[in-house]
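Have a look at these structures, which come just after this line.
Look at the two complexes coming up: chain A is in both, with chain B in one and chain C in the other.
For the complex of A and B:
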């Protein structure tokens, strides 16, 4: 069953590319159903995901495994893919482009599912690249100068990351004789102090920092997010960079490297710098999507900070924030898709008072932004609280203070966004703007409900669901 | 008891939908939600007054704990009473603006969150409700949506959010020290172990920012761009009192703090009282004058709470009520003046006594209460606070506050003189609508009646005070 998560999307892509005539346009609906099935399986039939004896594993000797961390990620993947597909259907006009879009999303889904499920560093790298290649093409889909520039920047920096990770993998393979998490982990433990190992680990970490868009490796991210078509921005910001950079980092830190003070210190520094730089840069943006992109960098910083804290609570908070962030940041990008679709621009200085014309977008963006800024009782508050409490308890009070005060910056730029876009007096130019279509308001509503629901139900989930997420690491 | 919080919070969410079918029904429903909490509070209050232990209710497997002790009940009663009057006033005031659905949603949600905050005995939920009030007041201050209004709403949100985050860090420090966010658990394991000064400092920053006390006071006068019932709600009755209430809840009813704070807080409050009273003397915008006056009066409440004697604390609590009634009345009067005379600039107003006599008399009565003239309610609050401060040895600080009280009389008389006496300037303004005038008149009457019947609330408060651990006996 586990291997189906990889095989099914691939298989559908193959079938879709047979000369089927107009049946090919069904591909979109198939992909949509697939994302729903994945969400359903994770939530209601987790037993189906625990089988170890699966076809692919036996055929190619791939180790597939699920734990709580990968289940959380599988769920986010399916939700964000669902939202992105619906928005894509609404915003991509050309039939052929739409088919291409569905195909590429499915390939990206294969890549992400693989990254999350595999227990082998090299295979993890391969599937990272699968989703990366799909996203290069997705970003460039509009084929104008901006899109090509964004995609090009991403390719170049990804190539650097590839070189770093591949070289690191070569060294690790030399040392441990295998690339499975367990073998590499024990080899590193045995030879932890040797310069070669330190070098290899550092290279791998840098590669993942690039993939995850962390400061100082974030140069590609705002361009790629803002140049991509609206549906692709959702997918990229919501989940692709989160899986390929952040999930891989969490996996590496917890399953391979194990607790280590120096790596934790590094993660906390990188995380804090990302939080501050991302938030400060977001304050100065006038383009809505660029602001959201910088905000994404800043929020990812919180995840890394929680991870770097190293305690159970910190890691659980980081994973929880990863999930929450993928929901509310997707929601913000869905809102920006609605605006881009209805107004034809993402320049905030030209907007104003849209709240009264686009009520669903207005309310859902309010929920998403309050959650991003960490206001209770929404989901983002609880994950940030967990991270900050963990930092405080492990006597990293300074980081905790920085993390908390950066929330003021977050609130500041998001209030600016609200003021320029929704709150305020309607300008004559937009007096006749309509609410975006159902394909955009439906995912926005679903994502907003998840954000509120998770936030309100948090006290119920805390002991039964969230703490076990961290304790699997023991 | 849970329903006191849940009914307004959940009911608020239904208001915009109801408003689509009938605006009248929505207005009445909003009032009904507030009245429900008011009545339920009084029902619960019965046993507590008779001396039975405080009622508690838990949901979510003990993590959300509501506790109704004397302090909470008193605060809830005062808030619900004033809020109900403000909602009635809104019927008239807000009826010709857009976005009424949002208005009633936010006011009722604010009220529900306030109830939650008053009763909650868990720091995390206290913080949650605290922030919900911040979100709703952000929407309410920016209600008219002019650019400048929204900027000021953003400012209020950012300043209070900054303070709240410091407070949250303080709460985390509390958790670190006692191993729980639950105040009832903390109380049991406390054994007079004082709270660390770091936590006190951080929490105090949050409280001062919410209560608009020096050095975090600047957002409050700016927030005066909001609709008048909102400024009344924010400034007078509820929002700024949240900070004061949390001060009482944490530093008097739960934790024991260093003696050092019993000196620092009065000094900060004194500085706040004098600067804002000075600002109120020179301002020309009617609502800003009243807002500065609020900052100044809040300092009196802080003085009473911080000195820690039973007399001072009871006086402060009494003054929360009296100031809420009277200052709410002043803001609502200002709203009537603003709406009918089309200006808030006191230099361009005058002679309104003839055209709007009821408003003028209500304004005067509420002013008397704020000034502390017997037998109005405000007198007893101020008097008890000062006696309490002198008794616990803060003679010099009390003298400074006496100067502040004198300045209060001067600037309120100045406003009354400019606005209601003298020659009429500009077009003759009419009296406000019946619900609006009725609201201000009832607030003014309540200020007087509460002063005459002062025995009952003060008796209730003094017996409550004796049960609190932070009181210096």
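For the complex of A and C:
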């Protein structure tokens, strides 16, 4: 069953590319059903995902494994893919482009599922590349100069990241003679702090920082997010960079490297810089999607900060914030897709008073931004609270204060966004704007309900679900 | 590692280092997008050689071969996409000069 999560999307892509004529346009619905099935399996039939003893898994000797962390990620992958597919259906006009979009989303889904499930550094690299190549094509799909430029920057930086990761892989192969998480982990532990190990770990971390768009290496991210078509921005911001950068970082830090003070200190410094630089840069943006991209950098900083804290609560908070972030950031990008679709622009200085014309987008955007800024009782509040409390408990009070202060900055730029776009007086230019179609308001509503629901149900989930997520790592 | 193997290792790794330096030099100095891709290609080739060397030295030649072949396949896919993007840029600008694609800023 576990191997089906990898093989099924791949098989469907192969079938869809046979000369089937009109049936190829069914690909979109197949992808949509697949994302729903994945969400259903993770939520209601987790037994099907444990164990690796099915025939297919042994045939391909994939070496898959799930734990709580990968289940959380599988759930976010399915939700974000669902939202992105529906928005893509609404916003992509040409039939042929739509088929291509569905195919590429399926390939990206294979890549992400693989990244989440595999237990080997080299396979991790392979599946990171699968989702990265799919996202390059998705970004460049509009074929205007900005999209191509964003895609090219992403390609070059991502290639540099993979070269760093490969150099680290080669060194680890030299040390341990294998690339599986367990073997590499024990080899690193046995070797201690030899220069080779430090070099390999530093290279791998740098590669993942580039993939995840953390601050010293974030150059590609705003361009790629804002130049991509609306549906692709949702997929990229919501899940692809989170899986390929942040999930891999969490996995590496917890399962392979083990607790280490110097790595934790590095993660906390990079996380704090990302939070501050992302938030400050977001304040100065006039383009809606660029602002959301910088906000994404800032929120990813919180995840890394929680991870760097190293305690159970900190790691649980990081994973919870990763899930919440993928939900509310996708929601914000769904809203930006609605605005881009109805207005044809994402320049915030030209907007105003759209709240009365686009009520659903207005309300869901309000929920998403309050959750991002960390206002109770929405989901973002609880995950940020967990991270801040964990920092305080592990006597990193300075970082905790910075995290709380940066939350005010988050509120500032998102409030500016909300006021410029939705509040105020409606200008004559937008007097005839309609609410976006069902394909955009449906995912927006679903994502907003998840944000509110997770926030309200948090006290129920805390002991039964969230703390076990971190404690499996021990 | 026997002394003969160690000698082999160092000679081989100096060659790899030269390939990598050439790749970085190419990537950093050029304004030509195709040349930048060639630089990336050189870097990846250097890494492939490094993995083969690591496999040979530790006696895991089978594993290293499998990795090298996988790497080559992925690299080709990546390069096809990258050259496609460069082709798209060429159709807009009639040039593959990196200085002309600076629309996105900040």
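Note that the second predicted complex is superposed on the first by the 470 of 474 C-alpha atoms of A that agree within 3 Å, B and C clash if a C-alpha of one lies under 4 Å from a C-alpha of the other, contacts with A are read in each partner's own complex, and residues count from 1 in each chain.
The rule we apply is simple: a residue touches a chain if its C-beta (ideal position, glycine included) is under 8 Å from a C-beta of that chain, and two chains touch if they have at least 3 such contacts.
From a predicted model like this one, the values you see are computed outputs, not experimental measurements.
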item: Partner chain(s) touched by A:96 [first = chain B, second = chain C, both, neither]; value: neither
item: Contacts of A:459 with chain B and chain C, given as first, second, both or neither; value: first
item: Chain B versus chain C as contact partner of A:419, first or second or both or neither; value: first
item: When both partners are placed on the shared chain, which of chain B and chain C touches more of chain A; value: C
item: Touched partner set for A:388, first chain B, second chain C, both or neither; value: first
item: Partner chain in contact with A:429 - chain B first, chain C second, else both or neither; value: neither
item: Contact footprint of chain C on chain A as seen in their complex; value: 122, 126, 129, 133, 136-137, 140, 143-146, 148-153, 155-156, 159-160, 162-163, 166-167, 169-171, 173-174, 177-179, 222-223, 226-227, 281, 285, 290
item: Chain A-touching residues of chain C, taken from the complex the two chains share; value: 27, 33, 36, 40, 43-44, 47-48, 50-51, 53-55, 57-60, 63-64, 67, 70-71, 74, 77-78, 81-82, 84-86, 88-89, 92-93, 101, 103-104, 106
item: List of chain B residues in touch with chain A within their complex; value: 60-61, 63-64, 98-99, 124, 127-128, 131-132, 134-135, 138, 142, 145-147, 150-151, 153-154, 157-158, 161-162, 165-166, 168-169, 172-173, 175-176
item: Chain A - residues contacting chain B, complex; value: 353, 356, 370, 373, 375-377, 381, 385, 388-389, 392-393, 400-401, 404-405, 407-408, 411-412, 415-416, 419, 423-425, 459-460, 462
